[in-house]
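What follows is one structure encoded as C-alpha cells, with my remarks underneath.
Residue numbering begins at 1 within each chain, and the chains themselves are lettered A, B, C, D, E and F in the order written.
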Amino acid sequence: MTSTTEKGRALSEELNPGMEATLEARYGHLVPGMAEGIVDFAYGRQYARPGLPLRDRYIATIAALTAQGGQTAPQLKVNIAGGRKAGLTREEIGEVIWQMALYGGFPAAINGLNAALEVFAAEDAEDEE
Amino acid sequence: MTSTTEKGRALSEELNPGMEATLEARYGHLVPGMAEGIVDFAYGRQYARPGLPLRDRYIATIAALTAQGGQTAPQLKVNIAGGRKAGLTREEIGEVIWQMALYGGFPAAINGLNAALEVFAAEDAEDEE
Amino acid sequence: MTSTTEKGRALSEELNPGMEATLEARYGHLVPGMAEGIVDFAYGRQYARPGLPLRDRYIATIAALTAQGGQTAPQLKVNIAGGRKAGLTREEIGEVIWQMALYGGFPAAINGLNAALEVFAAEDAEDEE
Amino acid sequence: MTSTTEKGRALSEELNPGMEATLEARYGHLVPGMAEGIVDFAYGRQYARPGLPLRDRYIATIAALTAQGGQTAPQLKVNIAGGRKAGLTREEIGEVIWQMALYGGFPAAINGLNAALEVFAAEDAEDEE
Amino acid sequence: MTSTTEKGRALSEELNPGMEATLEARYGHLVPGMAEGIVDFAYGRQYARPGLPLRDRYIATIAALTAQGGQTAPQLKVNIAGGRKAGLTREEIGEVIWQMALYGGFPAAINGLNAALEVFAAEDAEDEE
Amino acid sequence: MTSTTEKGRALSEELNPGMEATLEARYGHLVPGMAEGIVDFAYGRQYARPGLPLRDRYIATIAALTAQGGQTAPQLKVNIAGGRKAGLTREEIGEVIWQMALYGGFPAAINGLNAALEVFAAEDAEDEE
C-alpha cells in the first residue's frame, strides 16, 4: 500500500515538478522536515484524495484564496496556473473569482482578477516562445 | 431581454423560495431596496451567470465561507444545502471543506465540517417525516 | 492639564457608566491594569480626541466591526447602541452596515443588520417600560 | 424613474471618471458584464443611496478597509482620495484610520496611515503643477 | 524509526486522550482518513517536533487564535486548557491574550479573555469535585 | 512611581531606538499624540508588563502576525528581529512560524518563513560588515 507521502510525492512532482526539492533547499535548514510535511499533508492527504477531482479542488482553493484577500497573492497565482492545467478555462476561473465579491468583498475579487490576468499573460508569453 | 433583476428573481425563487419577501419584511423598513439589490447582484449578476454551473458555484462558496472561519456559519449552512440541491454529494462537500484546512486552518475546517453535519442531519430528519 | 486617563475616564463614564469597574472586577485579577489601559487608550487616546466627532467615530467602528465579520458581534451591538446615543438614526446605521456588503461580503453585512435589529428591539422594549 | 444602473453610472462618472470603461476594457473579456455590475450595485445600490451622505460613506469605507489590513491597500488609497473630494479633511481621515488600531490592530492602522500619506503626497504634487 | 504518525498518535493520546477515535467516529464516514491526517500533521509533524517546547507552542497557538477573533473560540479554549497542562500559569495566559489587543484589536482580546475565564472556571469546578 | 508612559519610553528606546521620534516626525502632524499613545499602550501597558518575559511576548506576536497573513509583513519582520534580540534562536522562530500552518493556513506560514529568511539574511549581512 502506497503511503500518503509516496502518493503526495508523485502528485506534487506531476503538478509542481521540483517543488519538494525547492522547499527543502529554501527552508529545510530552518525547519527540518517541513517540505516532506507539505508533500504528505497538502498533496498526499488532500490533493491526491479520490473523493473530489483536481479541477474541483482548484475551484475551491482559488475561491478561498481570493476571498481571504491579496495577502496570499503568490499562492493564488500558483493555484490559478494549477487550475488551468487541471482543465479550468480562463472564463471559469474568472467566474469563480468574481463570485467572491459576494464573500470577500469587491476589492478582494478585483485583486483576484488581477492575479488571474497576470497568470494568463504569462501563458500567452509562453505560447509565443 | 430579461433584466438581471428578473433573472435573479427567477433563480432565487427556485433556489430559496420566498427569500426576497423574507428579506424585504425583515430589513426593508431599515434599508429600503436591499432585498432587490441581493436578488439583482447576488443572483442575477452572479449565481445566474452562464459561465460556471451552479454545482461549481457552490463548491466555490462553500470553500470560501469555510476558509473565512465560523463567523458566517449560518450562511455556510445555507450554501451547503444549496450545494446538495445542485448535485454535490455529501462526500464531495466534506472533501471541499476539509481541503480548507490548508487555507483557513484546521479549526476553520473542522467548524465547517460541523456545519455540514448539521445540514445532513436535517436532511435525514426530513427524509424520516 | 488633564491626563489622557482622566479624559478617558470621564468619557467612558458618560458613554458606558460603570464600564471600568466592571472590567476591573471581571479581568483585573488575571490581567492587572487592563481596565485602566482600555480607559486610557481606547477612550482617552481615541474616542475623546477632538479631531473627529463621536457620531463619526461610531460610523467608523460600526463599519469596521461589520466588515470584520460576526466574531465581534457583542462589541458591534455595544457600538451600535453608542452610535444611537451619539445621534445616528437607525436608518443611518442601517446604511453604514449594508454598505459593508462591498467590503466584508454579503453575509457579514446581513449579520451586522441582524445585530442592529437586536439593538433596536431592545430600544423599543425600553421605551415600552 | 431612473434605474439603479443609470444612477450608478452618473455617480461613478462624477467620482471616478472613466472607471466603467476602464473596468470593461480590463476585465470584460474575462468576466462579461462585471463592470456594469459594479456600476449598478456599488454605485447605484450603495454609494448613490440617499440615506447617508457621501462624506459619511467614505468614513465607513476607509475604516473598514483599514481594519481589514493592508491587502486592499490600492482600494484604500482610492477611497481616501474619494473621501477628500467628498469633504473630509486630512486630519479627519487620519483620526478615522488611527481609531482602527482598536479594531484591526496597530499594524493595520499604521499601514492605513501610510496609505493616507501617499495620497496626500500625490495631492501636494498635483498642487505644485 | 518512529513515523510521524506514531509520534503524533503518542502525543495526541497524552494531550487529548481519545481524540483520534472521537474524530474518526464523528467525521470518518464523511472524510475518510481525516483523523489520521490530524494525528500525523498537527501532532506528529508540528506539536511533537523537538525544536520548541510544548509550553511555547501553546503560547503561539493561544496568541494566533485570539488575534484571529472569536470564530475559533472552541479551539481557543482547548488550547488554553492544553497550555495549562503544559505549565503556563493563568496569569501568563492572560498576558498572552491581552497582548493580542495590539494585533487582533481590543474586541478579539476581550473575547479571548472570556474564553480563558471559562476554562479557568471549569478547572475550579473540577477541583471542587 | 513610574508612569506607563515613562516605562514604555524606556523600553521602546531599548528595543527600537529612535522609534518614538520617527513616528512623531512621520505621523504627528496628521494624528497628534499618536506616537506617545503607542509608547504608552504598546510598550508601557503591554511589552513592559512583568507577567510574561519579552522572549515569550515575541513568540506570541510572531505567531499572531504570521497567522493573520502577509498584510502585516513589515511588522512581522520587525518583531522577528525583536525576538532575536530577546533571545529566540532562528530555529525557534522557524518552529513558531511553521506551526501557524495549522491556524493561518499553509500560504500564511510560508509567507511568514519568507519574512524570517529576510530578517536572518539582514543579520548575516550585518555580521559581515
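Keep this in mind: a residue touches a chain if its C-beta (ideal position, glycine included) is under 8 Å from a C-beta of that chain, and two chains touch if they have at least 3 such contacts.
Nothing here was measured: the structure is a model prediction, and the numbers come from that model.
Taking each chain's centre as the mean of its C-alpha atoms, the one that lies farthest from the centre of subunit C is A.
In terms of C-beta pairs in contact, the better-connected of the chain pairs B-D and B-E is B-E. Distance between Cα centroids is largest for the pairing of subunit E with D. Computed from the mean C-alpha positions, the centre of subunit D lies at a distance of 40 Å from the centre of subunit E. With each centre defined as the average position of its C-alpha atoms, the distance from subunit C to subunit E rounds to 31 Å.
Residue positions 31, 41-42, 49, 51, 65, 67-72, 91, 94-95, 98, 102-107 of subunit F are each in touch with at least two other chains. Contacts between chains leave no pair untouched here, as each chain touches all the others. Contact residues of subunit B toward subunit F in the complex are 67, 102-107.
Residue ranges of subunit D in contact with subunit A, taken from their complex: 26-27, 30-31, 34, 38, 42, 65, 68-72, 74-75. For subunit F in complex with subunit C, the touching residues are 4, 31-33, 37, 40-41, 45, 49, 51. Interface residues of subunit A facing subunit B in the complex, by the touch rule stated above, are 41-42, 46-47, 49, 51-52, 56-57, 59-68, 72, 91-92, 94-96, 98-104.
Against subunit D, the residues of subunit A that register as touching in their complex are 69-71, 90-91, 94-95, 97-98, 105-108, 110-111, 113, 116-117, 120.
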